[in-house]
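Some structures are shown below for you to check.
Each of the next two complexes has chain A plus one other chain: chain B in the first, chain C in the second.
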Partner chain A sequence: MSESIVRALKCRECGHEYEIQPTHVCEFCFGPLEVVYDYDKLDGKFTRELIESRPQNMWRYKELLPIDGEPKVGANNGFTPLIKADRLAKALGVKELYIKIDSVCYPTLSFKDRVVSVALSKAVEFGFKTVACASTGNLAGSVAANAAAAGLESYVFIPEDLEQGKVLGAAIFGTNIISIRGQYDDVNRLCSEVAGKYGWAFVNVNVRPFYAEGSKTLGYEVMEQLGWKAPKHVVVPMASGSLCTKIDKSIKEFIQLGLVEDNQTAMYGAQATGCSPITKSVKDDTDMIHPVKANTIAKSLAIGNPADGYYANKVMKESGGYAEDVSDEEIIDAMKLLAETEGIFAETAGGVTLGCAKKLIDSGKIPRDESIVLCITGNGLKTQEAVLNEVAKPRIINASLKEFDVLAAADGVK
Partner chain B sequence: MKLRVYLNFDEKSVTSPVIWKLAKEFDVITNIRSASVKEGMGLLGLEIEGETSIVEASARWLEAQEGVHVEPIEQNVMEG
Partner chain C sequence: MAVTVRIPTPLRKLTAGADEVSVEATNIGSMIDNLEAAHAGLKERLCDESGEIRRFVNVYLNDEDVRFLKGRETALKDGDEVSIVPAIAGGK
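Now for the complex of A and B:
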């Protein structure tokens, strides 16, 4: 077993360092904590050959994840397909387009399985027996499923008005599911109080620094699947903004370790217009994130006061990228475009990513002749309500060849 | 108890001495950990310490101030 290269938790604001422990906020300045590593310890030991020799899951990059030894939870998660999307590329008028499809991430069909498996692995290492989260969908299902598979007790907090499909998508795993009445701010505050009071591993609260690191594996996989190359342009959906910062971190780490060459990768963030505080800050050329009240069909991205917004803004500006936003109508159009050109049914967040990518391409922010990667992070089967009335209804006939012949003739079938 | 919150101030409330008023109104210890004012917006990381009922009442008072938004230190605990 290789030696861990994890050094400490470091405050992103004041730089104060802490021993590895289940905590997320700097005691000095209340800044967020991040896992930092001693990359020098990996010098010459973490090679392409070593990674390629390992099973195809997210743990093939375990040296760059904040766990001790082998994963305790979610050992088979990750390593989703990266496809070259030629038909969509043609529709968008670009030369080289790839789609990273985390809508088929194991086991709950979203990229949250990556972050949750790191959070829960770390929770087990810390000795927690109960894990928890507050979620409007993907995170709830992922915590419930991964906890069940690991034999951990789990509590999942959801808003009262959550769609039935998402409630079922968590409840099936036997979790303790708590539905909370109230306005978003009240629900959010209660969950913060619960996280502070009970001695649980709350995945995006006290184990958040570890949880967030799981997102890096999406970036590692993209670079490996591109033949050990960093893409030129990456478009990601933004809720808290964490994914944007972590993919950027993954690319910088691979460059530092000599696994890929620096390709001057530009990061682009996508939000729904009805909840676009980070995009607005980029467009306004400021680094202040003004909180908003969310109103969009892209509920998995509806975070009005994003904790990592400032850092995502910085990443986009420093990398030469940009941010964009799309209306609910544009989200649905993009979901249909993705489905009809590439056979991928993404959730609303996927529509946001593609819709924004289209705008960024059309406006010239992303050049048409360089490699582009779109990150699709969730599955459309979970947000069916968004497109229920937007797709063709089946034509009903009797079990009669004559009736079908009429229909086929009307379609011009010979 | 100790309560840790972030306060967002809008352009109007940013010049109001909210923390001074809070300390006058309630028997709590206020401890500012971070603060910035930029482009018509103020951000403050604040710890409030005291009797549980008084701390809770002071948090409700803060929420009732016009142009002041109170968030848990984690900002958004709820995720997609």
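Now for the complex of A and C:
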């Protein structure tokens, strides 16, 4: 591989630049740091043909990820299906609909495997032996699994009211799982303090600038899978708002590198009404994010004080997109709609994404005749509590053909 | 009118190590100007070129973020306590 094109860490607010190191806050103005690149160095070298010649995982775009050389952790992660969802399109009354299915991302069934493999690869490069995170569940599972596979020690911190599938989905990997009495925002605050005191790589604290870049691979894949095209409209779930900003960045990078043409892609963010500080700021046409106390079944999105809220707001406004929010009831309806039309069991956040997309289409914010991509980021088997009492229970009979004949007759089966 | 201002660790180099300082001020804007007069260099850390409080600097008056009061115009009275807190960066 050619030399790394990573230039520095740069403050998104005041522009101060720092050498590549495990840090995430500008010393001068406290703004967040972001990885910046010298794209010119890739001129003519990073082509569609080169990417297509590589194995189908997220590292086929490694030149645009902030690692040195080959990945140290998660070498097989990423590359999930993009399907054309014709039955759902019909139900929504739109012409061209695609679903990016990160609910089957390897190895832990959420898009967090993308960010974690970058964060942990970087942590190994920096020489860390212990990795950690503050999580609403998916991240905890991904850190625990990828750390286990890489032989790293891990600590994962979660709020105490998480779904069982999320807790089990982390604990099975032999991680140190710490449940905090409080909400995610309390967990996050504690983790900032722990990160300052212990010499660990906290994927979403001190190595966050590297971690966040992993989300771009979801965007790269969508464009490649669309036949090297940028979509017209993209709907993403928002917790911190980071995914929204990074998909936008992925599209801008591919345009700059000549891999796709500019399609004026509009970004739309989806939140649960019970935790919708970013959506509210967009609807109120302000850039000030008022922190809220979260109350929603979409626990993976329950961040009341979103770190990238301001930047996500900006991306949506500048790209011509919008934001929407849905009630818990609408989330469940959307989860069922997705399952019954496309055979995809998404977690609650997927219900948020589809529910909001439906509202955006019905209100005319997203036109019915242009290409739309919905990003499904987590798996429904991890949030079973949300729909346990919303689906038909099995009908129990004996292993008797007569009994089945009675049942079939009642169903009107001939 | 004197108010008490709590200074976060990263800014204490500018206050000779003090974690709390007392300044005369009638509102948040004049408080920042008077802080600058007593501790040169503080203002550029707290405010951008246009004088607005930086996005990742939170200023709390008696536990309420002044952004959601009247920003720099937020009035102060004798004995008020103001905290300067860098935003908690991080998050998933």
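Some points to look at:
Simple rule for what comes next: the second predicted complex is superposed on the first by the 407 of 414 C-alpha atoms of A that agree within 3 Å, B and C clash if a C-alpha of one lies under 4 Å from a C-alpha of the other, contacts with A are read in each partner's own complex, and residues count from 1 in each chain.
Following the convention adopted for this analysis, a residue touches a chain if its C-beta (ideal position, glycine included) is under 8 Å from a C-beta of that chain, and two chains touch if they have at least 3 such contacts.
This structure is a prediction, so every number in the text was calculated from the model and none was measured.
Once chain A of one complex is fitted onto chain A of the other, the partner contacts of A:Ala349 are limited to chain B, with no touch recorded for chain C. Contacts of A:Gly304 after superposition: chain B is touched, whereas chain C is not reached. In the superposed model, A:Ala170 lies in contact with neither chain B nor chain C. In the superposition on chain A, A:His24 makes contact with both chain B and chain C.
Residue contacts after overlaying the shared chain place A:Thr286 against chain B, while chain C stays out of touching range. In the overlay built on the shared chain, the residue A:Pro159 is in contact with chain B alone; chain C does not reach it. By the touch criterion defined above, A:Cys191 reaches both chain B and chain C. Shared contact residues of chain A with chain B and chain C: 13, 24-25, 28-31, 133-136, 139, 184, 188-189, 191-192, 195, 202, 204-205, 208, 239-240, 288, 290, 303, 305-307. Across the interface of their complex, chain B is touched by residues 13, 24-25, 28-31, 133-139, 157, 159, 184-185, 187-189, 191-193, 195, 202, 204-205, 208, 239-240, 286, 288, 290-291, 299-307, 349, 378 of chain A. Every residue of chain C that touches chain A in the complex is listed here, in rising order: 10, 45, 48, 54-57, 67-68, 86-92.
Taken together, the chain A residues at the contact with chain C in this complex read 13-14, 24-32, 112, 133-136, 139, 184, 188-189, 191-192, 195, 202, 204-205, 208, 239-240, 242, 288, 290, 303, 305-308, 310.
Of all residues in chain B, those touching chain A in their complex are 4, 6, 8, 33-34, 38-39, 41, 43, 45, 69, 71-80.
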